[in-house]
Amino acid sequence: MAVGLTLIFGVMRVVNFAHGDMMVWGMYLAWLLAARAGIDPYASFAVCATVLFALGWGVQRGLVQRIVDAPHEMQILLMLGVALILENLALLLFGPEPVRVRSALGALTWYLGPLYVDVARLVTFVVAVALTLALAAFLRRTDLGRTIRAAADNPYGARVVGIDVPRVYAVAFGIGAACVGAAGALTAPVLPFQPALGLSASVVSFNIVIIGGMGSLLGAFVGGLLVSVAESLGAVFLRPSLKELVSFSLLIVILLLRPAGLFGRRTP
Amino acid sequence: MTWLALGGLAVLAVLPAVLGPYALSVFINILFYAYLGQAWNIVGGYAGQLSVGHAAFVGIGGYTAAVLAAETGLTPWVGMLAGGALAAVLGGVIGYLGFRFGLRGFYFVLLTVAFAEVCRIVASNWERVGGAVGLYITFTGDPRQMQFQDDRAWYYIALALTALATAIVWGMERRRFGIYLTAIREDETACEALGVPTFRHKLGAMVLSSFLTGLAGTFYAYRYSSLQPGAVFGIPLSVEIVIRPIVGGAGTLLGPIVGSFILTPLAELSRAWFGQGGWHGAHLIVYGVLLVAVVLFLPQGAVPVLGRLVRRAAP
Amino acid sequence: MTTRVSRRTLLRATVATAAVAGFPLPLRAQAETFKIGVIHPVSGPLAEPGQACRIGAQMAADAINEAGGIKALGGAKLELLLGDTQTKPELGRTEAERVVSLGARMLLGSFDSGSTAAMVSVAQQKRVPFLVDIAAADPITANVARSVKEGQQKLQYVYRNFPTGSSFGRKAVQYFTEIFQEAGVTPKRVLLMYTNDLFGQNQSRGFLAAYKAASPPWQLLDEVISWPEPPSDLSTEVSRARAARPDVIAPITRPASAQLLLPEIARQRLDVLGIVGPGSPGLYEAGQIATLKEHLEYVLTSVPWPNFQNPRTRQVAAEYIERTGGKTFDTNSGYSYDAMMLVADVLERAKSTDPEAIVEAMRATRYTGGLMQYAGPVVFNEIGDNPNAVPTMIQILNQRPVAVWPKDVARRKLVFPRPKA
């Protein structure tokens, strides 16, 4: 999920509070597909990503694009509105109970002596790595990817050389949402979810992106690992209910010392 | 302009005479959030340092007054000031770190969010201040304990706070401090080049803003009779504080008030109309749609638009 | 009650609009109804229990109205004015003010202790009797009782028919002791694990205090493991639990954390006599059983539970399943149902809509028609709580929750220690 945020932010400099709720929608789509059509979330994540791509594209074209010239904080407000709509639509349609998608892999655990491996988590991890690499390749190697990066670096210059910047933004926003959707589907078997999960998902996601580095895919990935390791250490050496304290303290320190994140370019 | 403001204040002052009890409570909410928005406006609007962690100051202020009242019997009227002072200290720390290390824009947003979350987690795990269960305030109806049998008292407190904050901001706009803040928002690098002590001014704005926000914490604790870490330190409250001045027009004197007069009734009406039947959450969807609509129609905030209308009507 | 936006709701909303605008409309001149404000968190993080409460209260009101309304008030029908707190204390207060201004003569709610505390001031200020259907934090009623005792308030308008955190704890410790005795074991390493939110911490405090007071033969470990809600992962917490080598795990969960905790306990192969909860949601609901399946089998929890020996309970439970599309009639829906029935009982005895008369009838309550499992009739003590509101030990057996303790209400024999897999 952090990958999606980095991309949107890297390209758009958008503070997107709706991200967590988009992820929850990815989870519910995976849940619907599993319950109604019997498709395992490890297969259906592509569908979820496509649907969320359309949603992201639509939000960018229909809403964000209209207030591009408004003060930056207006975009936060817009995303809050979208987040409210998404969360409560989920509440209306899917009900308030926490659910979890049962995947065939979910029940599997490999034991290696005293160690054990949760297969579902392992697969989620591997697919996330693959997606990150694919996305990085897309941004580096394809024309569209290069255009996106150009528009992010210098929108004015991009327009001068004839790039349709609004269209590129919409694609980038869509890709970001698609990543979030895929992340939602992939985490659906390992994490119980309910409509109200969106906010905490957004916060965790911000955390990861900042610690890893804004605009850096590798950074978002390492940030994700670092946050989970730091929280586990916090749970072992402090009280587990204080574990979030560790990741937020880490966030504050990183913000102060390396605001561009561990792997980010220096502050623009 | 001045007589218009005084006229508005006079109308608000006599309003409780004609308001029903529910309308009164809605107006208390409008004024309370207008006050919080005005306090936020100093640092978030004028100085352009977007804080989405102002709930931390509400929480610190409320907890300080409530703990002092419970442990030493100190009246919340004094505890309120102590709470404001502690909130100002926290604001000073956040501002010092954020501005010393040069965090701007989204990075400053995250710094404030992170500090508020740290406060929430600490309060949830600190038994002395009630932990996750929180603190509960006894309803006594005794004005010395900031409890009132008649809700109009709350109305006038909220009105007085809003008027106070607005007067402070009005005065600020007219002094070098306010002008510097606006200049910093517009172009910080240029200000530095011209020798404006940007750090000191931003820090001053943060401390003033957090002090005023801290006062609101005691209001919250005693009006709503309890403090829970999730409710007073949480992101949802920070967001509530931020959205009204933005809708009204951040960095304008009347923005927070106009914004609160737009958004608070919208939330109430959507709940009253759509919160009834079996469609749980429908009223929040409606509210979300309204929020999006407001942003699309008033992308620069309500006050600049109103100002243009007024100027066109009376050239 | 209507369940969709109908003309009546629109009318009500119009009244609210008018009230906002400062033009009080005359109240509807129609057949007399008794209006009661029913406020729960039906959206936001606690939407799940909040909705269950609302439906429970609506079903009871429907039953009362079908049976001819409140006879002592000339057959007045109950009209519910519904409110949503979204689990925000400030909305508890605003919603209470709203329904009171629409004519609510009583308040019912509101699950979350913060919003409930905010409603208390409205009840005391406006003299509106308030029956708390669910909310476990002790100070809610105790604070009011104290201010009445100290003469700051004349009369207590707030009463609660739900176990408080401390009474939950006392009962849980008692049941633990009895169950262990019945099974012929004396565990020396019982591990308390809880979710560190309002409810979880309140429950764990009650449990720990009761344990200290009772000093039972079984022993709690000094180590207590808590996690923030909602957790994204509990593997470290469970590893820590494993390292403590517990023989019984006592979890206080929320539905979401239960969905992580129980599979993790199985995955890390914790060898315990059983999992016995001191009282929390997440361990018995239909949705949880459908998701957790075998992980919930043999799990015991001490929760407020409907008395299924009563045929009326079974009938209402069947109706509830039909109305909700398969959810179980349990703690939350049950206590809200009973609260509404209690309101009717109080009104029949008050024979008046005068708040003082209602409070007087409330204090004289000896209600035996409740569907929940009580230790005696519903009565209110000097604090305003019902000392007979007690939990029941239930167990998931063959994927269904059944009462197993105390013995006289048990519908199946409890299985403890749990069979080895």
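Letters A, B and C mark the chains as written, and numbering starts fresh at 1 in each.
Simple rule for what comes next: a contact is a pair of C-beta atoms (placed from the backbone, for glycine too) under 8 Å apart; a residue touches a chain by one contact, two chains touch by 3 or more.
Not measured: the values here are computed from a predicted model.
Farthest chain from chain A, comparing Cα centres?
The most remote chain is C.
Name whichever of A-B and B-C has more C-beta pairs touching across its two chains.
Answer to which pair has more contacts is B-C.
How big is the gap, in whole Å, between where the Cα atoms of chain A centre and where those of chain C centre?
36
Could you tell me the distance, in whole angstrom, between the mean C-alpha positions of chain A and chain B?
Each chain reduced to its C-alpha mean, chain A and chain B end up 30 Å apart.
Among all residues of chain A, which ones touch two or more of the remaining chains?
In chain A, the residues touching two or more other chains are 88, 91, 96, 195, 239, 241, 244.
Taking each residue of chain C in turn, which ones touch at least two of the other chains?
Within chain C, residues 43, 47, 51, 196, 228 contact more than one other chain.
Tell me, which residues of chain B touch at least two other chains?
Counting only residues that touch two or more other chains, chain B contributes 121, 124-125, 236, 279-281, 284.
Taking the touch rule as given, give the residues of chain C at its contact with chain A in the complex, in rising order.
It is residues 43-45, 47-48, 50-51, 196, 225-228, 230, 232-233, 235-237, 239-240, 255-256, 259-260, 267-268, 285, 287, 291 of chain C that touch chain A.
Using the touch rule from the top, collect the residues of chain B that touch chain A in their complex.
The touching residues are 44, 50, 52, 97, 101-103, 105-107, 109-111, 113-115, 117-118, 121-122, 124-125, 235-236, 239, 242-243, 246-247, 250, 279-282, 284-285, 287-292, 294-296, 299-301.
Touching residues of chain A toward chain C in the complex: what are they?
Residues 88, 91, 95-100, 102, 109, 116, 118, 191-197, 200, 204, 228, 231-232, 235-236, 239-241, 243-244.
Taking the touch rule as given, give the residues of chain A at its contact with chain B in the complex, in rising order.
By the definition above, chain A touches chain B via 9, 13, 15, 63, 66-67, 69-74, 76-78, 80-85, 87-89, 91-92, 96, 195, 199, 203, 206-207, 210, 239, 241-242, 244-245, 248-249, 251-252, 255-257, 259, 267.
Please name which positions on chain C make contact with chain B in the complex.
Against chain B, the touching part of chain C is residues 2-6, 9-10, 12-13, 16-17, 19-22, 24, 42-43, 47, 51, 82-84, 86-90, 92-95, 97-98, 100-102, 113-114, 117-118, 120-121, 124-126, 137, 139-140, 143-144, 146-147, 150, 152-153, 165, 196-198, 200-202, 205, 228.
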